[in-house]
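Below: the structure, in structure tokens.
Going in written order, the chains are labelled A, B, C and D, and every chain counts its residues from 1.
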Amino acid sequence: MAEVNLAQALNGALDTALGADERVVLLGEDIGRTGGVFRITDGLRDRHGPERVFDTPVAESGIVGAALGMAIAGMRPVAELQFLGFSYPAYDQVISHVARIRNRSNHRFTAPLVIRIPYGGGIGAAEHHSESTEAIYAHIPGLKVVVPSTPRDARGLLLAAIEDPDPVVFLEPIRLYRAVKEDIPDIYYKVEIGPVRIERSGDDVTLISWGAMMRETRAAAGALGDEGVSVEVIDVCTLAPLDREGIVASVERTGRAVVVHEAPITGGFGGEIAASIQERSLYSLQAPVQRVTGWDTVFPLKRSEGHYLPTVDRIVAAARATLEV
Amino acid sequence: MAEVNLAQALNGALDTALGADERVVLLGEDIGRTGGVFRITDGLRDRHGPERVFDTPVAESGIVGAALGMAIAGMRPVAELQFLGFSYPAYDQVISHVARIRNRSNHRFTAPLVIRIPYGGGIGAAEHHSESTEAIYAHIPGLKVVVPSTPRDARGLLLAAIEDPDPVVFLEPIRLYRAVKEDIPDIYYKVEIGPVRIERSGDDVTLISWGAMMRETRAAAGALGDEGVSVEVIDVCTLAPLDREGIVASVERTGRAVVVHEAPITGGFGGEIAASIQERSLYSLQAPVQRVTGWDTVFPLKRSEGHYLPTVDRIVAAARATLEV
Amino acid sequence: MENRVSSRKSGLGRGLDALIPTGAGPTSGAVARQTPGDDTATMFGLIDPDGAVRDRLPITVDEMKALYADMVEARAFDTKSMALQRQGRLATYAPFRGQEGAQIGAAAALHADDWVAATYRDAALNWRAGYPWELLILGRTGDERGGEVPEGVNILPPSITVGGHMIHAVGLAWAEMLAGTDRIAFTSFGDGATSEGDFHEAMNFAAVYNTPTVFFCQNNGYAISYPTSEQTRSESIAIKAEAYGMPGIRVDGNDVVAVLVAVREAASLARSGAGPSLIEAVTYRIGPHTTADDPSRYRPADEGDQWEDKDPLERVRRLLESQGAWTEEWQSELETEATQTIERAVDWAESIPEPTFEEMLSRMYAQPTAPLREQLDREGGRPPSDPPPGQGGGKHAGSTHEAVDG
Amino acid sequence: MENRVSSRKSGLGRGLDALIPTGAGPTSGAVARQTPGDDTATMFGLIDPDGAVRDRLPITVDEMKALYADMVEARAFDTKSMALQRQGRLATYAPFRGQEGAQIGAAAALHADDWVAATYRDAALNWRAGYPWELLILGRTGDERGGEVPEGVNILPPSITVGGHMIHAVGLAWAEMLAGTDRIAFTSFGDGATSEGDFHEAMNFAAVYNTPTVFFCQNNGYAISYPTSEQTRSESIAIKAEAYGMPGIRVDGNDVVAVLVAVREAASLARSGAGPSLIEAVTYRIGPHTTADDPSRYRPADEGDQWEDKDPLERVRRLLESQGAWTEEWQSELETEATQTIERAVDWAESIPEPTFEEMLSRMYAQPTAPLREQLDREGGRPPSDPPPGQGGGKHAGSTHEAVDG
């Protein structure tokens, strides 16, 4: 056991994977010498050699396309894209090729690769550095999309992603990289990709979120709990494949749900979750499923971040709204 | 008035726009000499000159990025991307630049451009030629996303899109290009971007769709009507900005809704619509909002198209399911 | 599968520059502009259109006969496919007529287990490299199972997107290099593909990591309707290699032996650790872009005539004839055999049972995910009036026009 | 805004090749490899690091003094910005120290109404081209209003994405060409950006349509931590122009006059209808990539020393001094003025009222759409305990690390 933050847990998982499986290689911009702009790959080039950890040109399509070629040839590449806002030049490779080579070849060729991408706002960064466009990935058949929010999950999900026979987009909440520490096992363990994690049990309302917004969601649950509301909190963890059963089982019990995400509301993944809930449990619903999300704007620059980011208060208010009816 | 199909209506609208506004230029792969693979720009290069209608290299990011530069400089470019499945190399330009130059410059620079893209399956085409990934565009703040399903709307919406001060992704349902003819005015007229169009009025259930799937939706409405069900049909026409009020007003009356689209269900735009309906009208809902959609797969090749495409029967069955409860 | 790849060693290895007859390096400005037809002097070639040999050929008459037989078989496939498409038995088809020399020559230079990432137009190339006709036809009927090549054949399903597959060949080669095998990756693409950003990133990655990748561009004069001469202002496609510090060479793409020699040289450079190179094979697409295309809209009907004169089969036939190695009987034997082979392949493909709904949903992941399992179950309740599998989408289309592929 | 752009005509127009002292064309193999430091012989330059003049300078002493004053002012901005960022008054800042010669020289070559599309590192360039310091600072405090340049100034907001903005300069130039103006578009980018596919597509479009675009690459040795020498195997960045049939030239980027001359030449070529060109300005980033970067992780601390010796300001100072045109008093005058100017600009930017929620939602479209109107209304009911505008996200972050920009 070691007490680590989320960034350290990811670094440890990559270290473990490089040590455990020689097919694993890392590639990405600035991940070698500097260990990445967030230092997630810190020390790995020195430890595992420049033949395992590659700095690449600034060319996201090239990074993902090359990783796909490596994966088809039997390796287990883990690519890093520097920020979610810089993943779009690679979007064509992801949707047209990474997610489809298995289908296109009827299982003959596969893409066991991981694309790690830091995402989310709240650190006052420049434009494009604060995106939460998980919805455009979760809509792609053939991909898995994973978002850890705790050090323990981060390590276990990343090791599972690297072992997964299918491609995984692995989104890392920048805001949580160094936010909390947790004791996690040093051993090789996996957290299953797929199931949601019930993080807190309760009977009155279900709060549903993932990644960076789990922090505000937890705080809101705490605040509501202090008021005597019995709150269930779900960390979705895996957006695709979505564990609708896990979500629905909770909401059928509580009858109320609030989905929280940082992306703009329109077309955000919260819509999928709310739609799925009403499809399966309309008659259990005591109130509409609420969404607490970003607005339909570009993620703003530093001075306006406070206007954009969903707050604990907004989540609490939405939960209250479901309880008041 | 002239009786034209949807393809001809689009050709006529482009012709009209080129004639009416010298800032309008067209650019895209094979749109000049051949008039585009679907002949939507047929004859326009001859009529308006090679300085208005440009064939381009096979480089989608270049096409959209160059069009953006032209638009910033005061022109009204209409770019064609050959198929929605080939729009992804331009996704970065669309999301990072086209949709944001106004925000980034606080209105100082703007992007009055149109990106026309044929989309949808059903013609037995090769891979990538049958995509319906409208959801990944409708989620982008700063864009408008328009999908006509009739010749009359096609002309009016395209002229409105070209005049719009903001960027419009204009999706053209391949399957409907030559499916129906309609008498439409020859004059310069616009159809407002934004409002849904109530295409058929009824009291029992609301069928909601757009683009290519309107055909099956209309047929389903007809079949249900024959059984004595009073069906309301909404052609959404504009996915972004979404006219939630228009949709909700209908569903509050009927109490039942079925959303139909061709894209895979998970993360498809139907989720947004269903979520919005339950948010606003949960207590009017007599039954869960149903989604009749494609499956969570890649759009298949010719021999499996029948397995994938939503059918009239599936829509009818979903509507009946809402009525049976 | 029969191993169609020759294991002869070329004994070459002097580098691509040595192939240029004028002595001008392929990466120098001496490489000619890509006006089709007038650049034989600065282009690497061995056999002239009239069958005359410019240089001593590095292959035997028997090997030449084998190349010729392959080209005849490929042409039979192309002709048959066009006919099948017109009968509605194939989806859109992209003919390679006129490009057989480039495709057969290139594939013949590879090892049986080399990686190949080629395009929708490269059926001849893929076949010669080991992709069974049967599966190529099955794919073109609109069936994903056509992409499932046999174990041991390392050929990716033909790329439909323009440009995206070249970088895969870089990753494939990189993996082989890291694993220390002597396998290389070969990628074929068109002139049009060189305009895509992905071409640039692929070429640059290959050069930067020194991957054993052979970039093979069939410059057939057009990207659909857009002529090569308008796609770029560079002197040639080959010269673009210089921007990546990579060797590049222009080859007469209708000269099967010249292509074989150039690709074999590039492959042996790659195998020996000398890294990637770019070969531009100058050729011409005699037919339409695809069966949905009408070339008369963008090029004069007689433009192809000069290229008919440069036919890749005819020049070899003449050469063989001049050596007493070609007879009319042999020709008709070849044609009969080829036609029979193709027809057997068609019969096989058409005998394959229709793909099922379950297969469609089970192909996305190693195991169907929870949402897909749910969709599979729900399907149990699919109303029987749904269209039977395999009827395609035509009945949904309501569209009067033919399928159109870009 | 004061019009900072000189309207002097250069009287040049002989083409970029004529600038190369050795007579070797810039697009020939003679252009040196990009090892920093040893290529003055094959690179276009006019003033040596010690202030010696290699050739007759095509500008007057007064003009030279103005360039020097601009570089001093720019350096004051850079120094001040670094300090402000450390105090938390600016978001991440990307310093340009060492690149003042390239940036001031290039901007000085443009017309006041030319289009400029440059990067996060190009504050000096943008300022010299007409972008007020005030707005550059406002932008870097994290305020979208910093992108709203005054009417008549045709400079796009600094590009944060690497590579995506070059093609905008092609579209801008294309529009001006179609409109028949003599306006050109100038785009600045780094060595790293040349690896992006968008570089390729922009260069190719510019060449194909012959747009009046000047491509200006500041090769400062690194893309964050990745050295230029590893990013590509080509002999230089300039030589990549050849792949597009475009002229390219390598310039000493620390020689403000050489840069001015080269860019003016390229701009006049563009204005005269001769199309686009590529200029590689060889320079060095003395400081970190951004305030969040620690260069000691990837380069030796003394690597910058040789570049300090090549400082773009110092060589001009020496030259002016040798002509009796520089004095200590003038220097301190310049510095005092520069500091005051920058401080006034900072005061102005910090006096701007905090951006509001309404502004944020009203900036996406010409008019807020129905969903945004609804969101604006709902906001009326936003609980008062929400963070007051302008506190940024720090309080949400709970993260102990500093903002990091890639």
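Convention: contacts are C-beta pairs under 8 Å (C-beta built on N, C-alpha and C of every residue); 3 or more make two chains touch, one makes a residue touch a chain.
Computed from a predicted structure; not experimentally measured.
**Student:** With contacts counted as defined, which of the two, A-D or B-D, has more C-beta pairs across the interface?
**Tutor:** A-D is joined by more C-beta pairs in contact.
**Student:** Compared with chain D, which chain's mean CA position is the farthest off?
**Tutor:** C
**Student:** Distance between chain A and chain D based on Cα centroids, please, to the nearest Å.
**Tutor:** 36
**Student:** Could you give the separation in Å between the centres of chain C and chain D, each centre being the mean of its C-alpha atoms?
**Tutor:** Chain C and chain D have C-alpha centres separated by 44 Å.
**Student:** Find the geometric centre of each of chain B and chain D from their Cα atoms only, then give the gap between the two centres in Å, rounded to an integer.
**Tutor:** Between these chains, centre-to-centre, one finds 40 Å.
**Student:** So the centre of each chain is just the mean of its C-alpha atoms; given that, what is the distance between chain A and chain B in Å?
**Tutor:** So the centroids are 30 Å from each other.
**Student:** Pull out every residue in chain D that's touching 2 or more other chains.
**Tutor:** Answer for chain D, listing residues that touch two or more other chains: 144, 161, 195-198, 201, 204, 208, 230-232, 363-364, 369, 371-372.
**Student:** Which parts of chain A, given as residue numbers and ranges, touch two or more other chains?
**Tutor:** 56-57, 59, 61-62, 85, 89, 92, 96, 103-104, 127-128, 141-142, 240, 242, 266, 296-298
**Student:** Which bits of chain B are touching chain A when the two form their complex?
**Tutor:** Within the complex, chain B touches chain A at residues 61, 85, 88-89, 91-92, 95-96, 99-100, 103-104, 127-128, 133, 135-136, 138-139, 141-142, 240, 242, 263-264, 266-276, 278-280, 282, 285, 287-291, 296-298.
**Student:** Please output the residues of chain D touching chain B within their complex, sorted ascending.
**Tutor:** Going through chain D, the ones touching chain B are 115, 144-145, 147-149, 156-157, 161, 164-165, 167-176, 178-179, 185, 197-198, 201-202, 204-205, 208-209, 363-366, 369-372, 374.
**Student:** Any idea which chain A residues touch chain D in the complex?
**Tutor:** Touch residues, chain A against chain D: 29-30, 32-35, 37-38, 55-59, 61-62, 82-83, 85-86, 89, 121-129, 174-180, 215-216, 265-266, 295-298, 300-309, 311, 313-314, 317.
**Student:** Per the contact definition, I'd like the list of chain B residues that touch chain D in the complex.
**Tutor:** The contact residues of chain B facing chain D are 25, 51, 54, 56-57, 59, 61-62, 65-75, 77, 89, 92-93, 96-97, 101-110, 141-142, 144, 165-166, 194, 240-245.
**Student:** So in the complex, the part of chain D that touches chain A is made up of which residues?
**Tutor:** Result: residues 91-92, 120, 139, 141-144, 160-163, 192-193, 195-198, 223-226, 230-232, 292-294, 297-298, 354-357, 359-361, 363-364, 369, 371-372, 375, 382-383, 385-406 of chain D touch chain A.
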